[in-house]
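The two complexes that follow have chain A in common; it is paired with chain B in the first and with chain C in the second.
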Partner chain A sequence: MNYNWNWSIFFEPAPGGTGTYFHMLLTGLWLTIQTGIFAWIIALIFGSIVGVLRTLPSKTAYWIGFAWVEFFRNMPLLVQLFLWFFVLPELLPRSWGLWLKQMPNAPFYTAAIGIGLFMSARVAVQLGAGIASLPRGQKQAATALGLTTLQGYRYVLLPIAFRIIMPPLTSEFLNTIKNTAVAITIGLIELTGQARSMQEFSFQVFEAFTAATVMYLLINIIVVTGMRFLERSLAIPGYITGK
Partner chain B sequence: MFANFDFDVIRRSLGYLFLDGMAFTLTLTGLSALGGIIFGTLIALMRLSGFKVLGRIAGLYVDFMRSLPLVLVIFWFYFLVPYVGQWLTGASRPISVGAFTSALVTFIMFEAAYFSEIMRAGIQSISKGQPAAANALGMTYAQTMRYVVLPQAFRNMLPVLLTQTIVLFQDTSLVYVLSMPDFLGAASKVAQRDGRLVEMYLFAAVVYFTISCAASFGVRRLQARISIVR
Partner chain C sequence: MIEINHVNKWYGPTFQALKDCTTKVAKGEVVVVCGPSGSGKSTLIKCVNALEPIQEGEIILDGIKVNDPKTDLPKLRARVGMVFQHFELFPHLKIIENLCLGQEKVLGRSHDEAMAKGAKLLDRVGLKDHANKYPAELSGGQQQRVAIARALAMDPIAMLFDEPTSALDPEMISEVLDVMVDLAREGMTMMVVTHEMGFARKVAHRVIFMDQGEIVEDAQKDDFFGKPRSDRAQKFLSKILSH
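The block that comes next holds the complex of A and B.
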């Protein structure tokens, strides 16, 4: 392979005057983490609401949940980001659209919200399955104790359902972080984006991508370890997921 | 609300969008799914082979691929494939492979990691008595897999494999980052040429949505039929 390896490239100053190439990649890593966490919070909030809606006895609630999930699951994430970024401002009243377009950090907010809503459909499906996996007696016991539907979910069903779906939620969280890379198409210069610009400035393709790869692997290891720890500390002794 | 929009731009570009763009997307999806399932099955067989080293390599490959964003993998292969081609053919310079080949290699290698997990679950779902019976009949390992285990595993996992293929169909839109003329790329080219972003992106969304919805409905029907037979 006649490729000029130059691993010291990371310590050379990057164009733009903000520091070395390594620093440039770290900026991207930080933005990836920020976008990922922001999106994950949105995914959890909407995913929980929609996941619960899918398990309620009401037909209307079920259909709203169903429509939400199908809407966000059946379009590529890239197309969804384009819809939020390019299409939405044009469909709103003129002044709102203008405000949206001139908003600072528009790619960041669009990516976080767009990826968050995209992932919320997946969280909803997991949570719906988690609630459905609970023995029917749980819900009946909650009703027998005089809890309202809301209280039943809040104090009985959800605490157990969330514990059950911890492992799939971990991988959905990782998917959220990985999906932030799609946002380079709307101009978010996160980790993959920074690796790409480093490659364009320095021509050291493989060093740049190797560094980004290592950083993604590190994120994965940290998240998996952290979630396993969380899972263990939340486990209820003697219950389904506890020992 | 849509008064200022020109939806005729869609009608004018239908030929380009579907005959070029959608054809590219569907070819890429089909070939990647085929290659991914074959390669994924090999990885699954490696993991279940009982040889520690082979299983470990396959496991590392799957974990590695699944921790990376597809966009990064697309970039990796786009730059890597010419060098690998040079190494394989012994050429003096990195060979130029077409955009399509590069994308195809990427998707086969990437999706194989996901398909292998499905096939592994499928192979493990076959009861132990089946390979044991095949053994008793004097079949070799290859024959056992070829005639007994894999056909059943494949059949059991068909709905999941197809669902993953729908995900793959949506993921192929990411070749946009290499400005390839897939369906979304074609729509985006027309959109930028005519300044009709809203119309074209809305149309692309509707098309992806319709195809994915119809396909997942079909998979659900198939699943219902298969589960009755079993």
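The block that comes next holds the complex of A and C.
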């Protein structure tokens, strides 16, 4: 292989005049972090609501939860992003569609919301399983005390269920961050996008993607460590998750 | 205080769990419900505070019809204490927090007021040193005493016990029964599902014997232990009293 290694490429100015190649990658990294966190917040909010719906005695609630989960988890993420970004504006009334297309940062919002909703289905399934794993008596005890259904979830079921599903939830957080790379296809120049631009401008493909890999690894190590810390600090003494 | 009139209950379309059950518990009365497993005694007691719905008949609690859609169930349940076979303390809350939750969120007491009441009741059940532990750090007998204190913290007009000692090791049964005997002697209205015939002999006013969803025998304590009228009750008694 005839490849010219050049590790100092990161300190050379990138075309565009905004700084070095390293700076370019950092911009991408920052966008990846923003998209990931925004998407994760959406996933947590909708996933929690839908996860709870799936455990309520109401048939209607169950079916809403069921439909939500099956819609968002049975389609490839890439297809979903295309749907939100390219198809949705065409389906809406003309003026709305136009507004959507001209919205500044449209790729960012589309990616964050699209990935967030996709991940919410997974959070919902895990939370539903977490709640279902609690002894039936817990809900009965909350009810017998006079707590309403909402209070029972708020003060009893959810605090325990979230602790139980903390480890798989960590994986979902990591997946959310990694899935932001798909947003390159709708024009979001996040970390993978910037690595590709760098490769196109400088032809240093290995350096560019090595750097991107290391950066992804770093964020995820930080997330894993943070989640582990959270898990430990929330552990219930003597209870299953407590060590 | 508690009136149960011609109650029928089915689980699913075919299995009838309660068959035309009628009985009542007067204010200050202690009624023990016994019978073989699967006889419907736990189901009956869970119908009293509507943890389980009934399909026919009526249950009236302190003048309020339980199975009336217009009844504010959480409010009604808050006035009846319930103790479960498996304690069902909330594992993520400290002992004292378990006692405060209902008082604050349901009765609207201030935190200080709830803490004071909680501390008093913990002292009463002999566990004031454990206020800041978590449920999993206590023995079964201690947990059940906390559960009784939690129910008493709501100032209930009646207490329901669903096999409060069946999940306990033998040496812990008496510490729980002692608390219950004290309660009965203070004039608390109690409905107790249990196989502890010693407890029934000591404090019960009446004993109800159930089999296959029916109330087979509903007698004054002395009559029940003296000469059970039904064959089934006689057989049951001879089995559990033979050892």
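What we mean here is this: the second predicted complex is superposed on the first by the 241 of 243 C-alpha atoms of A that agree within 3 Å, B and C clash if a C-alpha of one lies under 4 Å from a C-alpha of the other, contacts with A are read in each partner's own complex, and residues count from 1 in each chain.
Basically, a contact is a pair of C-beta atoms (placed from the backbone, for glycine too) under 8 Å apart; a residue touches a chain by one contact, two chains touch by 3 or more.
Quantities reported herein were computed from a predicted structural model and do not represent experimental measurements.
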Which of chain B and chain C A:188 touches, first, second, both or neither: neither
First, second, both or neither for A:74, with chain B first and chain C second: first
Partner chain(s) touched by A:209 [first = chain B, second = chain C, both, neither]: first
If touched residues of chain A are counted for chain B and for chain C, the larger one: B
Which of chain B and chain C A:159 touches, first, second, both or neither: second
Chain B versus chain C as contact partner of A:91, first or second or both or neither: first
Intersection of chain A interface sets (partners chain B, chain C): none
Touching residues (chain side chain A, partner chain C) in the complex: 135, 137-138, 140-148, 151, 155-156, 159-160, 163, 236-239, 242
Of chain A, residues touching chain B in the complex: 1-3, 70-71, 73-80, 82-83, 86-87, 90-91, 174, 178-182, 184-185, 192, 195-196, 199, 205-206, 209, 212-213, 216-217, 220
Complex contact set, residues of chain B against chain A: 1, 64, 67-72, 75-76, 79-80, 83, 86-87, 93, 170-171, 173-174, 176-177, 184, 188, 197-198, 201-202, 204-205, 208-209, 212-213, 216
Chain C residues within the chain A interface of the complex: 46, 49, 51, 74-82, 84-86, 88-92, 101-102, 105-107, 133-137, 150-151, 154
